[in-house]
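The following pair of complexes shares a single chain, chain A, combined with chain B in the former and chain C in the latter.
Coming up: the complex of A and B.
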């Protein structure tokens, strides 16, 4: 674009103002405050004499319990992302390639429909399915496949099941957009040159959809590690994740400083991922030229 | 080795009853440059895609060297294809694109490298191995697509309007090169185009398609000089089409104009259409001498269209018929201007009788 256009004051630029204000007030300011709180000895609003300290971070590193919580959170995030990808990719591919308009509308409905129900309601639904006397265990026991109920609730498996159900639509929608933009004739060209349909997918479609895989995974991972309701209800405080820990520190222990430090750690994990995502996208550079 | 293709009564009906291809039959000979020519939506691309295996015929059979391949999947057909938009793999280099088909055939690395090098040399792209498709011009991309298709030594090369996106100069050059390559390698080549000039210039034979059907199959000269249907006469080049009723050895096309029919067509009765090419009509300044009935007429030049090597005139005849007349720009004769009175003459044998 010409430099003249960018230098001239543009009236349309004013439309950015509301979102800029919103971001400053409700995004940068709170995060800044949180960062400050994480290195203070107390709350400056109620305690006039506060000093700088690193003790919240030192506590995290010294106590294996907190490292374990961080690792559990990341593990749940990773497993959720991988399962959501495995479920979401075929669905997204189907949606992107389906010829019939009605078929596409039905698939989209199926993907979006769960999002019309609140997370809490959906999580309670999973509790009725997964609990010891829930639908899954009752069915398996009446079929004689198991004698003891499987422990599905209050485990990481239960949490992952609930999280995958909630976040699969994000994965599917992100992937559908990217796969839909890949020219079908590229797959046909590969088949014409002797690649079986599966080989054509591996050689052409999969690498070209990598940006979508990365974007969808980033989104689902970030949402999964910051999830609160599902890990609490399906984990029943027996599985400790960072968001639950943060909540406890604030509401039960009134340790705002430590909670802030934990929040910063959660934020840094997400930031590292975003940076890694950008790097990875740069490496699959062929994709950029396509767009 | 190059193969022959037999298309036997092939139809393609899509869901909803659209007949894209309707009982198409043709024989494509080994080593032949065969064009499928027609307007968009005539079924030429669908026919090509059925040969490639991307579409399954609803009826009929496709045979290559006599063996039925109608239900053989695309990746086992051993055919090269150049797509309209080239369909180069954007995430791979030029060399990787060309190597793809060889890799799928499980060749060893040394052989692949040698073949890729030779193929790129053949399309004059040596030194471009490590570029990506987006870094190439349209003409270069076209050459990569061609190299990728012929490096596998396909039994048949299929081209779907491969030159459509190129500008005129480059297009003519590529037409020439493609034709030369095809002859040198003895390739059986099926070429889809909507450009009649391109088809006439390059093909050994042409199938003119319309509405899912084949109108006529023939050499370029047959298609141009002896069109058998009204559609072919109208679609290929400029032409005058007149319709009238037989009156003995003549055709009464109304408005007081009688045309003498060619000797072979003098028998019979009924309604008939004829085509007369503009360049088969001679134009001269109107004189006082009487003119031969049935093979000449008087008219007024309405407008002129200077084509460089020739001039195209639109002439209104005395009865009111409007005809196109093309005269070579020979330099010796004066050019006509709008408003000139002129005499038109033609040879009855040049009239082509059309099926509707």
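Coming up: the complex of A and C.
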């Protein structure tokens, strides 16, 4: 009887079915198709004779330019993540610990406010600040501090500034929830036992907030390496990243196979970094379940 | 015997109102449900506005059809992904470089039949030359755009773009994705080498062009020039002339070495089920009155020789055989065969 009951379909599973189908249809199927397209000579739907090939991957390995583009993409992603963490952590800690409800609401509004504006608009706002004729350069020149405009745009730094501004809220919101759940009495106990506030933070709060750091960093990193609008506008097409290259291959070279191969490489790199980061943080924090 | 109508209940009133509302909204669609639909591509901006307001409706009315326009660039990847026997477009309107790529992939018919499009007989030779797939209905002249308020003096040659005084205010394009950028690369071969196909000379020239601000679309370059972010740039005449009457401190320069042709080309897809209508559309777009209206709205030079523009436009656009002879056409077939190699090289050159 108990066997029959266990074989009966779980009612809750039916609730998961629509989202599972949606996930399969719009996540696994496109990625699977992209993987297949990356090893074909053409689109089998519209071309009669299509064969398997590894030429798209060989092209990437043969030409160091593509490896440089991959490294640039990862570098921008890592720097953006680190800066977003450095800015977001103190803010998230403050939000989690603030006693005043009004203060919390104001901080939350301040964090969320930029998200109410589109990414394109925010990036254009940065362009008006950072361009040669922008607010920063014009102000510095009118004060006589510089004679030639500083190169603030069309650099990796410019891109990172724009990306950090866009993605800091993701880091803050992720961290606030985790830090808010840490029992403050643990920090108080550490201080009662003679630890300075800084040491209590380093040895108690920081390790306990590592799951939030992990989640926020992965979110920001994934968004930063797949960003298109901000790198293209603030980089002025002079900083080539994988998403820009993929778009070029589809829109101007009409080479869907090579674009798919670049997409798969981007996905594999992300997965490797996610696994490595996960493992490293798990080891550091001693939270084996993260692995 | 007629049944007496009962009192108007709230339910009956709401049902009647909803039916009337839905009927009103749906009526135009129901009435035109049987009209054939011609699916085309087209630009946005002023081109899109006048096509939507005047040119398109007039065509629909005359040919009893619906015109469905896709103005969300890029068009070719969408056409590439659609079935060859039931393509997403009947008529493809884009620049010549993309038309050549489409023709190479078998996505568009390489030539338009003059018997089905009688107005082809009236176009300038460049519009149906061996450098063109389909037919060019308009062209712009690619030359130099400059600020007139910076004291740069008179610019007469392409080579002045390399003058060190324009460092920091020089403008160009992302060559892999922009027709003007690609045409300019070929011009570099002519200016500093043995001709359009001298890529080594072109690469060396592009290397010396740095520092340069590059953009993907001409609209972005127009804004950079208007804001003073660039002082001298590669641009097409339409991108300057469209601000005529606004007292902008900008001007278009036709360099002495000649201007490059930026053609607006129409082609028909082989799998189109609306071939007759597609040919009628191409013919319609070449009509003198349609050409005049569009030319005077977007400042494109008409391909039809019979078009007589108003004096203001006639003075600036390419409207005579003599003016048209200054146009330099690019061999896009040759270019597209080497596009990957060129893209890799220029991406390296312009990398920060």
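Everything below uses one rule, namely that the second predicted complex is superposed on the first by the 270 of 291 C-alpha atoms of A that agree within 3 Å, B and C clash if a C-alpha of one lies under 4 Å from a C-alpha of the other, contacts with A are read in each partner's own complex, and residues count from 1 in each chain.
In the analysis below, a contact is a pair of C-beta atoms (placed from the backbone, for glycine too) under 8 Å apart; a residue touches a chain by one contact, two chains touch by 3 or more.
The model shown is predicted, which means the values in this text are computed figures rather than measured ones.
*Asks:* Can A:126 be said to touch chain B (first), chain C (second), both, or neither?
*Replies:* A:126: touches no partner chain.
*Asks:* Is A:204 touching anything from chain B or chain C once the two structures are fitted on A? First, second, both or neither.
*Replies:* Only chain B; A:204 stays clear of chain C.
*Asks:* Classify the contacts of A:183 with the two partner chains as first (chain B alone), second (chain C alone), both, or neither.
*Replies:* first
*Asks:* Quick one: is A:45 in contact with chain B, with chain C, with both, or with neither? Answer first, second, both or neither.
*Replies:* The second partner, chain C, only.
*Asks:* Which partner does A:192 contact after superposing on A: first (chain B), second (chain C), both, neither?
*Replies:* first
*Asks:* Applying the touch criterion given at the start, work out whether A:238 contacts chain B, chain C, both or neither, answering first, second, both or neither.
*Replies:* Second partner only, chain C.
*Asks:* Over in the complex, which chain A residues touch chain B? Could you list them?
*Replies:* On the chain A side, the touching residues are 183, 185-186, 188-197, 199-200, 203-204, 207-208, 284, 286-287, 289-290.
*Asks:* For a test of understanding, state which residues of chain B touch chain A in their complex under the given definition.
*Replies:* 52-54, 73-81, 83, 85, 87-92, 100-101, 104-105, 132-135, 148-149, 152
*Asks:* Which part of chain A faces chain C closely enough to touch in the complex?
*Replies:* 43, 45-46, 63, 65, 131-133, 148-149, 154-156, 232, 235-240, 248, 250-256
*Asks:* Touching residues of chain C toward chain A in the complex: what are they?
*Replies:* Checking each residue of chain C against chain A gives 74, 76-77, 80-84, 101, 105, 168, 174, 176-177, 213-216, 227-229, 339-340, 343-344, 347-348, 350-352.
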